[in-house]
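Below, chain A partners chain B and then partners chain C, in two separate complexes.
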Partner chain A sequence: MDSLQYFAPTTLQEAVQLLETNSGCRIMAGGTDLIVQMHIGTASPPAIVDIKKIPELNKLQLSDSDLLLGPAVSGASITEQADIAAIYPGLVEAIDLIGSTQVQGRCSVGGNLCNASPAADTVPSLIVNNAVCEIHGASGVREVAAESFNLGPGKNCLSEGEILSLIRLPKPVPGSADAYLRFIPRTEMDIAVVGAAVSVTIGGDGVCSAARVAIGAVAPTALLVPEAAKALVGTDLNDQALENAGAAASQAASPISDKRGTAEYRIKVVGVLTRRAAAIAKQRALQN
Partner chain B sequence: MSGQTSSEYKYIGTRSIRPDGADKVTGRANYGADFFLPGMVHGKILRSPLAHAKILSIDVSAALAMPGVLSIATSEDLPDMNAGTESAGEGEVDFYDFSCNVLAREKVLYHGQAVAAVAATSEAIARSALDKIVVDYEELTPVLDLLGAQKSDSPLLHKNQTTEGPKGKGKTPSNIAKQMMLARGNVDEGFSEADVVVEKTFISPIVHQGYIEPHACVVRTNESNQIDVWCSSQGHFMVRSFMARLLAMDVSNIKVTPLEIGGGFGGKTVIYLEPVAAILSRKAGRPVKMVMDREEVFRATGPGSSSIVKVKVGAKSDGRIVAMEADITLNAGAFKGSPMMPSMMCVFTPYTCPNMKVTGKDVVTNTPKVAAYRAPGAPQSHLAAECVVNEIAKRLNIDPIDLRLLNAVDEGSPTIYGPKFKAIGLKAALTEARSHPHYASALSDNQGRGVACGFWFNVGLQSSATINITESGKAVVITGNPDIGGSRASMALMAAESLGIPLDQIKPIIGDTESVGYNDVTGGSRTTFASGGAVIKAAENLIQDLKRRAAKLMDIDVELVQWIDGQAVAPADLDKKPLSLARLARKAGATGGPLTATATQTARGAGPSFAVNIIDVEVDKETGSVDVKRVTVLQDAGKAIHPSYVEGQMQGGAVQGIGWALNEEFVYNEKGVMENPGFLDYRIPLASDLPMIDTVIIEVPNPGHPYGVRGVGEAPICPPMAAVTSAVNDAIGCGADFQLTELPLSPVKVLDAAEKLMG
Partner chain C sequence: MATHVKTTINNEAVEFLCEPHESLSSVLRERLHLTGTKEGCTTGDCGACSVMLDDRLVCSCLVLGVETEGMSIDTVEGVAKADKLHPIQEKLLEHAALQCGICTPGIVVSAKALLEKKADPTEEEVRFWLAGNLCRCTGYDKIIRAVLDAASVLREEA
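Let's turn to the complex of A and B:
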């Protein structure tokens, strides 16, 4: 019978060593993707490195300058913190859409990112919040922007032996807010057919001074859409500006047709969700 | 009306605590996969990777040589079978086909069909042994399209199958297994009188019953050729008789002990694993356990039929329907035998219309052989009929409930299939619906409302019951149908009412195939009616015996003894103390021995049930998303023995019908491989997807049952698909010309239709 080795290191250094010495091993945080993949036979790693016992990967720290989010932190421990939701409402909404209550007790934002599903709910929100990913490996530490972290379905930028060690989100300037919307054919427990995240900053003059738009499940990875942001910046986020942002998102999308929806449908709906998410972000920003 | 206790009854009609409840909610109850035996080994099935192929050879030698592998089964281990249908269970069965569905012979006819099986000392070994079995296939073109399958140039699933019709068998081989027609009056004359005629075709996909518990069994054989089976099913006598037939054994050599069942909805009125486990056990000399996983349940157990139903209805301008015509095509899956007949029989049954013609086709395709699914065939045909009736109502500008009331069947109305109705509750349910606050409530923008009615026959069939009185005077009530929807509770209530003793004095249990008389399958909404009827008869027999014994103890004539509130009572002037059941039980030894009574019956007079739905939806016209806002279900239950479980059936039927309408479908690729064999992408509704479903129980007693019981399990799934489809068409502004006619009404389709209407 095939055997499976399980390691639960307690330091990042130990984890990096294990990754180096166990070729083909998989890193596990909550295991909500990995264990399912192993169960259905799409993953059969010789070894698992469980990172939940590493204190520095469980960091969750909100400061005046940023949010430090350890990759092993469970979704539920983020969603229960009102101060985080007040600053990153869209990101917290995205986390709260993943799986069920039980799954949220295990799953992590880091895992959601590393799993590299084009439909991952938190990734568009990380992107619009300018998240930076810190990666540890034998040769040292490097940083990658969230929008560059994934390369394709199931494929991230980690080389063998590397591990995501921290996600850092700069604190938005006053007058900023984000929002995330996804479309599924039911109310919960599903995978996004389309997702859209928007962050905006509105100045005292009511004009949008900065914006980011990212869309999910409509391309091989979650996409940052600068053209959609451009449609918002410099406007007072009127209906026409939101409409234009939606059109830019539809333009940027290059989805596939599958059992969850047709390409044509996804292109239309990503525009609708972008427009609606921008409207929500605007309302929130006006109150911040 | 809902849930009130009729003053004439003391126990029935109350909402008692279910006897099996505590063990089920605490996880103590044993379901199919919970059963273990010492020395037990594990069986796994090798399934076809192709949807249509000839099996050229099967080489099991490498698998059999693996350490830990104890036995292997293929169709060569099953006895030969003659083709041809025979009457069995709820309907007709061809045991050659059945045997091929258990383990394929000569050909595989759907992706996932069982080809071979392995028993090994662990599940992991059994799984890896499956990879070592070498099957050589000659791949054939899969037939997946219900229309294409009927064409003369379509590849054939069965080279010897010709079309059976009203005038006998056809001459050329065909994927159309059967063609039938029902008619009354003259539809051509009817349509010529009509002021308005609507004709439309509705399509529905293959759907699964979605029971939560996968199929599971443990089978033990011994050297005297006796087989013991522990499994969950919709009828352990059904399991016994099907196993006996497939293994060419006598039923008396097989004992089946029922385990708790986690849902069936018709899907567990057939068997898959048990005969295979018996072969594996016989060869291995060990008990064998087999448990399907969810993917196997989706790929290889019987779903409900996909359908193409064309309906044409003609009415006078005053709303009288003068002609109804339907052409129903149902998918049978890989082997003949879709529920074409019940689909044809139900389609127009709510209506009195004098001129009707219904034709039906039973078509095979390279998909799993269908099984019963809650009112088999009726939801598909009602979808078309009720939507077309709603279009007629819109065209005539008549309220759709008024239109139905004008045309509804009632006591004395004939049916297209023969008998006239006795007392029925369709008009009562429609009248209640008309005056329900839901129906008067206003709709907001982007909302739509649909109404529909539905009909299911319900059946009687054979049932047995035994009542044993303990020495302390309590009643053990033994029936032989698995408790799938609260039947222990309803048996206890009927026994309490009949015997006049409190509910806590009654212990309802399910007997195995050797400890209670024969019982037909738990299907056709028959259990409360027919097995309940057997309990009532057994109670009556027991009371006769109790009166005789009381007369002996009181030393009076038996005719003078009355049974009142659980005790034998003599006329007041005789000055005899009443004898309670407990006292008579203690004296049983002196009055003729232990107290026990049995009754059996072939139940006649099953009361048909009608259901009516009012469903409101809201459509997001930019995404095509449909939000179900309000659902009211009205149904004639005859007499609701346990109102909570009647309401549960009504709500459950509505939920399944709504899921069927909006989201559920088997998605196949061009190779005939199902792409969504799990609950992630086979979307049965979640609790959060639906509002609380409001129920109104109508009670028009069934004259065929002592307490007026009608079956209630199936009628509630008949109207929702039509009600939802009508509501969504209404919400997107289709007026009297429904654009959405193909289920499921997925966001993609709804958005497309909404955009076309908006221009």
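Let's turn to the complex of A and C:
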């Protein structure tokens, strides 16, 4: 550990070069996962590339067409912006659930995504908001949809030398809204036993024209559930439709049993949370 | 390799040397002897190490010393002005809201950050804001009451 090297590049290009020349080095945004892993000894990288001093990766820009979210932006700097919460309430709820106030001062959505925990709170919300992840590497730029970014617990799609450079969320069309709910045994400072995010679009006729449902902590990665969305689209989001979406989410779940909950319990709860999150998204969408 | 870092701590220019793996909490305590900042867990769970980093509340155990180059850090040592305690400190004493005192510096820094953002928080807001500050002694009620009381003092002063 004493031989750890610390790099704080100020451009993306410099960061990519450092990643290329320092095999096994880790990218650090907020450090709220990496520094803990180093303290408890589950990570001992030879070098750290701190991306917080790269202006481009600290971008937080809401426009008429999208939200550009740099991977180094802290959770707190997003949750304190009312205009972002008004458009992506579910995503902001999810960010607000990560760790403590102190942790939110440092943690980033990009880090939450790259850390690839199946229970990461923001990932289902990124998925239902059609987030696209821009990845920079020595061979150029590529884009990956949020639902395809992670491959398994602790494993993301970045190859050695690649870096997540931007998360782009298209602006929802009028009549849309999202919501995120998670279940934990206490009210704060815990890791999701189950999470569920839903986004819906409701037309002037009251009929749901588009929906996305994503669930967390019930599979090796956060999961997009098209069958649950299908149960919502074409309905007026009545109780039966919400019930059906919940049943589809339970059906799609393949959780493990651990100290936080049994598989059976998680399968049941993910259905309930999906139904409730859909009801909240509906209420919000009717006002948009 | 030890790195030379220049910061501003409690409004004074401070330079120090540290190894890349050293946390800010350890730099503050071991190298700069600012031992008001406590370390309870070093994994971001207890909040005893709370400091302000560029005006943002963080756990200093989850910050590397080398990261703070050019940044400003405010610790509990900067909260009282000369021999006058901050209202939050006074109210914590008045309400007997500390026993062993290990959590107290973190609570002071964290509560101050809240009241600067929100002068009139509800009890629920105080409880949520301080959820990352664990206290193993007091059972929290006295801490919450002290913070709400300090908030009303600060509002009167304003």
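The working rule: the second predicted complex is superposed on the first by the 286 of 288 C-alpha atoms of A that agree within 3 Å, B and C clash if a C-alpha of one lies under 4 Å from a C-alpha of the other, contacts with A are read in each partner's own complex, and residues count from 1 in each chain.
Criterion: a contact is a pair of C-beta atoms (placed from the backbone, for glycine too) under 8 Å apart; a residue touches a chain by one contact, two chains touch by 3 or more.
Only a predicted model underlies this, so the values are computations on that prediction, with no experimental measurement involved.
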Exercise. Touching A:Q283 in the superposition: chain B (first), chain C (second), both, neither?
Worked result: neither
For this session: Tell me which partner A:S148 touches in the superposition: chain B (first), chain C (second), both or neither.
Result: neither
For this session: Have a look at where A:R260 lands relative to chain B and chain C in the superposition and call it first, second, both or neither.
Result: first
For this session: Check the residue A:I191 against both partner chains and state whether it touches chain B (first), chain C (second), both, or neither.
Result: first
Problem set entry | Dominant toucher of chain A (residue count), chain B or chain C | C
For this session: Name the contact category of A:V272: first (chain B only), second (chain C only), both, or neither.
Result: first
Exercise. With the two structures laid over each other on chain A, which partner does A:T11 touch: chain B (first), chain C (second), both, or neither?
Worked result: neither
Problem set entry | First (chain B), second (chain C), both or neither touched by A:G105 | second
Exercise. Thinking of the overlay built on chain A, is A:K52 touched by chain B (first), by chain C (second), by both, or by neither?
Worked result: second
Exercise. Which parts of chain A are touched by chain B and by chain C alike?
Worked result: 1, 40, 187-189
For this session: Report the residues of chain C in contact with chain A in the complex, numbered from low to high.
Result: 1, 3, 19-21, 23, 42-45, 47, 50, 53, 56-59, 61-64, 66-67, 69, 110, 113-114, 128-133
Problem set entry | Touching residues (chain side chain A, partner chain C) in the complex | 1-2, 4-6, 8, 30-32, 35-36, 38-40, 48, 50, 52, 74, 76, 99-103, 105-106, 187-189
Problem set entry | Touch list for chain B against partner chain A, complex | 124-125, 128, 295, 622-625, 662-663, 667, 675-676, 680-681, 683, 685-686, 688-689, 746-748, 751
Problem set entry | Complex contacts: residues of chain A adjacent to chain B | 1, 40, 183, 185-191, 193, 259-262, 265, 268-269, 272-273
